[in-house]
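Below you'll find the structure I mean.
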């Protein structure tokens, strides 16, 4: 394969993986903590995208300063509301939660369709993101790295780093890890598990909202964009290992690269199918994902 | 529901359905026939989810396999001898792909309608249950697989006609599909097959096999340590579910005169599940009834108020799960299901343990 | 001990979870038709030992031999079919089936999928179920859903299920957990009636219950066999009392009967 084309595919794969990672992080968090499957999670991504569109309308060309807080806070609040009204009533019934949240995703999609129309709304990236790093000379002559994609990759890396810090170095993260290990004990030691659940869920939604900003910079936002990401985001969680932030990162990269490479070799739809089947095969080999949470308590019936 | 109510309900429904062609107009009869064909898939979901506790979000895959198996035969029958199907010619395919060839034979195609979905479901189940993949993982994987299938279909214009799907059928088993009374005949055939599928499944569920599925749903480990291999039972149940979906898909294709990726995708698969949930996942009558009534309602509401439909359906998803976890059939009280209709309050921790197991 | 009398032999097994050794070089022999009680403080490795015997947990080293045959690597359901049946700590009845169906499912019969497509019970199965209903005292409640039974009744039903398959070796993990003194006494009687026809290995904490069983006791501690003997001897063993009560010997007063 032509090295320029190959590297270009890898780079595209990396930027796709970045969005996938941001979407999957929230899922990994809430799935790890509450065993909740939130099918409406993709819609947080979509709403983040639309909020970016609105921010661009309000704030003009330098809208990013407004888009990030707006998307994060907007989706986080919506996440908290969803947790409070539906999800916490379904604790202990993960399959039912899956169906209920799918219903919510339908409502949110239809809402978006009626407000913004079913065709995508374009967001023009700020001027300083127009352009690209172009490599001259050598085997990779002509390879271009668009600033927008670089921006999305950096954004994902920053959020991943921030999450890692939050979970491993902050008191909040200590509580999350404690509840992850043993909910009863954590609760009896004074952790307000219900509030923690809501915060984690809202945080996950907020991160998906931030992913929505990145998404809006890369392509027009439409009502079904969340649905397009959700299946892959779930696979990232499954492949990464339940509740593992690091695993989600590794799995997102793996999936992003595999898709990009397969796309280079075959058509894009075949690549997608191959990737999905590879994931199922992978689970034959490691049914608990790349970074399984291993403890005796989890093994017992 | 208790025995008497159920028997009464089945008799009334059966009589109403058998005589439906006498009092329904052409449009309504077509709609009803189509929905009855679809409801065979609901029987499968009842077995797999309601009885065995496996939530598959990929029933569209097996439905599609059944549908495409029949559609390939119908397409070949509707193409003049020696010619290629029209979509292949548009896509520059020069000779009939090898896997199309045997579908010229009706017995082969009909056998494939049963074998392909059952074998695919069995294989997928074997891959999952042998490694003890359970719960939401199964849902996610099956959803991914139906997405993979649809994506592949969409991308393979020359082999499967891609997004357009296979369409324009003329004859089947020598019967002109565009004939005068074809609607009525197809309706009765559908009703007969639905009746056979329901009766057959009810018989199977009344054996030890049925008890074991319930047992596995309740406590898979207990069953394992009594000396049963739960994976084998789950694979059998899943294959049965796939088979029923395939039959449903083939009949549905015949009713609609077409099959396309959009008809069998992720949304379709999850919709099936929700109608079953509404009717009552653990009850055959509930599952079939839920799917039939749900789809009839969908037809009425979505044509009267297209924009409102998705809100209605979304709200139904949420309400059924929150308020009617055992569906309408659960509301009517089937056996002493105290334990399932009022889910014990459990902490998320216990759930975490379950999910990880 | 005659080698032919040996039913189960655990040979030098070690089980570790992420580096933590739950069982370390443990060996144990169980003779045919005997009753054996395993006691030990929390974390001594009792449940893990049972997990290993039934194939739920694979030991890092060592071997579990049953009637002279190694069963260490067999899948759980095959171990069960060899005649080793375990009752778990939490009641493991099948909630969605009636009491009768619970026992029927547990009966000794061909357990493959294809054999399961038949209805009702054979004459011998029906007889066995009746026998078990009497044994567990659940005759009146035979048609009731298992989920509606009281806690103690669920424990008995599960013992009945474990017995139903006519196993050679019965492993009972805290069968009296959550029972009243009266129910405990009844359970002890039930278990004693099984000995001889079956070999029984019981784990329990409740010394009153252990006393009622009146059987040889093996004390586990930190994943190893700590002592073996009868209750009388163990009670006067200061080391045993120490690991149980967790207090140094110097402070230890008179050993308590109820540990």
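Think of it as A, B and C in the order they're written, each chain with its own count starting at 1.
Criterion: contacts are C-beta pairs under 8 Å (C-beta built on N, C-alpha and C of every residue); 3 or more make two chains touch, one makes a residue touch a chain.
None of the values given here were measured: they were computed from a predicted structure.
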By number of C-beta pairs in contact, which chain pair leads? A-B
Most remote chain, CA-based centroid, reference being subunit C: A
Rounded Å distance, subunit B centre to subunit C centre (Cα mean): 44
Just give me the whole-number Å value for how far the CA centre of subunit A lies from that of subunit C. 47
Round to the nearest whole Å and give the separation of the Cα centres of subunit A and subunit B. 31
Residues of subunit A whose C-beta touches two or more other chains: 301
In subunit B, which residues are in touch with two or more of the other chains? 221
Multi-partner residues of subunit C (at least 2 other chains): 88
Considering only the defined contacts, which subunit B positions touch subunit C in the complex? 204, 206-209, 211-212, 214-215, 217-219, 221-230, 232-233, 236, 335-340
Subunit A contacts subunit B in the complex at 33-35, 37, 86, 89-100, 102-107, 109-110, 114, 182-184, 193, 197, 227, 231, 234-235, 238, 242, 267-270, 272-273, 276-277, 279-280, 283-284, 287, 293, 297-301
Sites on subunit B touched by subunit A in the complex: 55, 57, 124, 127-128, 131-133, 135-137, 139-141, 143-145, 147-149, 151-152, 154-156, 221, 266, 270, 273-274, 277, 307, 310-311, 313-318, 320-322, 325, 343, 345-353, 355-357
Would you mind writing out the residues of subunit C in touch with subunit B in their complex? 54, 75-77, 80-81, 85-86, 88, 92-97, 101, 104-106, 111-113, 116-119, 144-145, 147-148, 158, 161, 165
